[in-house]
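The chains carry the letters A, B and C, assigned in the order they are written, with residues numbered from 1 in each.
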Amino acid sequence: MSTRGRITGLALVTSGVATILVAHWMMAFWVPNEATQGVVQRIFYVHVPAAWTMFIAVGIVALASAVYLWLKDERADAAAVAAGEGALIFGAIMLISGPLWGRLIWDTYWEWEPRLTLSLLLWFTYLGYFMVRGSVADPGRAKRFAAVVAVVGSLNIPLIHVSVEMFRSLHPGPVVMNPEGPTLPADMLVTLLTMWAGFVMLFLGLFTFRYAVERLRRRPLPAAAGETGEALI
Amino acid sequence: MNELRRAWLITLKDLRLEFRTGGRLVAMIAFVVLAGFLFAFALDRTAVAGRDVAAALLWLVMLFASTAGAGRIFDAEEEEGAFRHLLLTPVSRPAVFLGKTAANLVVIWLVTALAFISLTAFLDVRDQGSLAAHAAVLLPGTIGLAATGTFFGRMSRHSSLGDTLLPVLTFPLLVPVIYFGATSTARVFLERPWTEISGSVRLLWAFAVGSVFIGAALFRHLTDE
Amino acid sequence: MTLEGQRLVCSYGPTRALGGVDIAAGGGEIVAVVGPNGAGKTTLLRALSGERRPDQGEVLLDGSPVSGADPGWRGRVGLVSHRAGLYRKLTVAENLNFFAALHGVPKARDAVGPALETIGAATLANTRVEALSRGQSQRVALARSLLHDPDILFLDEPFTGLDPAAAAALESTLRARRAAGSVIVLVTHDLRRGLGLADRVVVLRRGHKVHDGETGGASAADLLRYFTVGDPS
């Protein structure tokens, strides 16, 4: 790993962690209680940024996988792996924080809410992505298969989206990405975006390190070092 | 030569092997019949009517049977390394995918027909609704199942996890098929007007056409090295 | 007609199976590729036939690059591998019909009979492959590889498990194809056979070419040294 990469990664991880700590302080002490939901609503500052970060990661995996299938460039595959692990981690944060909040507000751990359902299915697709990588013996084949899983998974998103939309909707509507501008009060929005900035920096920092590790792992060994059997004829 | 003809040759070859070997077919048929039989035991029919759950059970049985069968689609190809030689002929990869999907589809149709008969018989569903309407719902659904199974069956064949990998890969993708398929079939059982069903069937067709096209387009990444 | 592999590099993950091999085979020439287990013989053959895209380097036919993705190229190639590559539950004739039709051989059914006769297996037409002996199914595999009259033939350990009669039939077929001007590349770890049949012999060891020369000048004892110590000079 280059020194520059190391410094970038380290800087991103430390500033990400620091920002997340600040955002936690804001979440706990600074931002006021939401009027109807009370203190419970504060989970929102973890849940929503985690979801957004996961979707960034998912986007990177899908894009990098498509590039890998097209150009067979090792760097694209390394980027897909690095981002895929981020998608799993931030997806797990979202999937754990969502039901915790839902239990208190909706009085149930699992609601068939379209975006939550879609996220769960995507999360399993990425679980499958890593299962394919880990279980296909030929490394070249494993990379191609995994890239295909990522591409097919994202191509299917529109149809899954339609299904889960029609299935049921209980989730609060968008409060930030609203066409008429954010409806969220300013201090809540600031807390939310601070947390998100922290998550994204942490993700990019981890991504930088993970990418470098992947690249190192793939450096070819000296010729035929894995050779077995020197038996004659 | 016409690629469709080559695809057809592969379909015929696969079906001939399928019926000659028999193993996969017999296992799938036994599974769906026994599943229908067991569901009859599992349901308390003083609480639930067979007709209310038949659609859901039918689609789940189809899903499980086609997933279990998908892991075996490439067995005959790999047994003696024949697939390598097939790929070395001038046949295009989309044609290989289409040919094998079509053969898989025929097998799934057989299994679906038996699942339908066994479930309606064992669960004592008297009013089945229009059979033509059932077929109109099942046709696009089974195409989606066949294409997805063939595609990921190729993948699982090279995985040390084998068939246990298939549900993780295919179930999240098949949510639309199960949802639109099972709700449509349920409405056919209840003899609801076709206008209540046609929207879902259109989405089933969207999945069927999409999975066949995407599978054909990406299949070369699963075959060529 | 000349088939050339230039600086072919193939890796399986970190294991480098071919470390930049140059090889050339002309029309009317049998080139034997020999070497100990794990030397990269089969990988070289797969790279030349286009079944595996080399990581670096290219395969040229009369100076223009060829690729396994090109159906026209695949139509010119015949392959016999150490596994029969036939469908066990189909009869010999069904197998050959299927492959002939996929190759687009006109009147595929008429081509199968003569093909079986040339390898002395006309009586086997309606026997299922699962009932054949190793030597018989290898003969059928040879017939299959010749159905579409390829001008480039690859053979991977074709002598494994053949009885003397079948081996003799294979050798005479190869000599006939050589006389007809085909390019023939034969991979074997059987030095004696390789030297007896080939015009030129290429020795691979640990993914590198350590010897390339006419068979006339080299004795088995000379070549054996390449297997054990590499280039004696």
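The working rule: a contact is a pair of C-beta atoms (placed from the backbone, for glycine too) under 8 Å apart; a residue touches a chain by one contact, two chains touch by 3 or more.
The structure displayed is predicted, hence computed values, not measured ones.
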Relative to chain B, chain with the most remote C-alpha centre: C
More contacts between chains, A-C or A-B: A-B
Chain B-chain C separation of Cα centroids, rounded to whole Å: 39
Chain centre separation in whole Å, for chain B relative to chain A (CA means): 32
Euclidean distance of C-alpha centroids - chain A vs chain C, Å: 48
Two or more partner chains touched - positions in chain B: 225
In chain C, residues with contacts to at least two other chains: 53
Touching two or more other chains - residues of chain A: 138, 140
Complex contact set, residues of chain B against chain A: 151, 155, 158-161, 165, 168-169, 171-173, 175-176, 179-180, 203, 206-207, 210, 214, 218, 221-222, 225
Complex contact set, residues of chain C against chain B: 46, 49, 51-53, 68-69, 71-72, 74-75, 77, 79, 81, 83-90, 94, 98-99, 101-104, 129, 144
Chain B-facing residues of chain A, complex: 69, 121-122, 124-125, 127-128, 131-132, 135-138, 140-141, 144-145, 147-149, 151-153, 155-156, 159-160, 162-164, 166-167
Residue ranges of chain C touching chain A (in the complex, touch as defined): 11-17, 19, 36-40, 53, 189-191, 206-208, 224, 227-228
In the complex with chain C, residue positions of chain A that touch it: 72, 138-140, 217-233
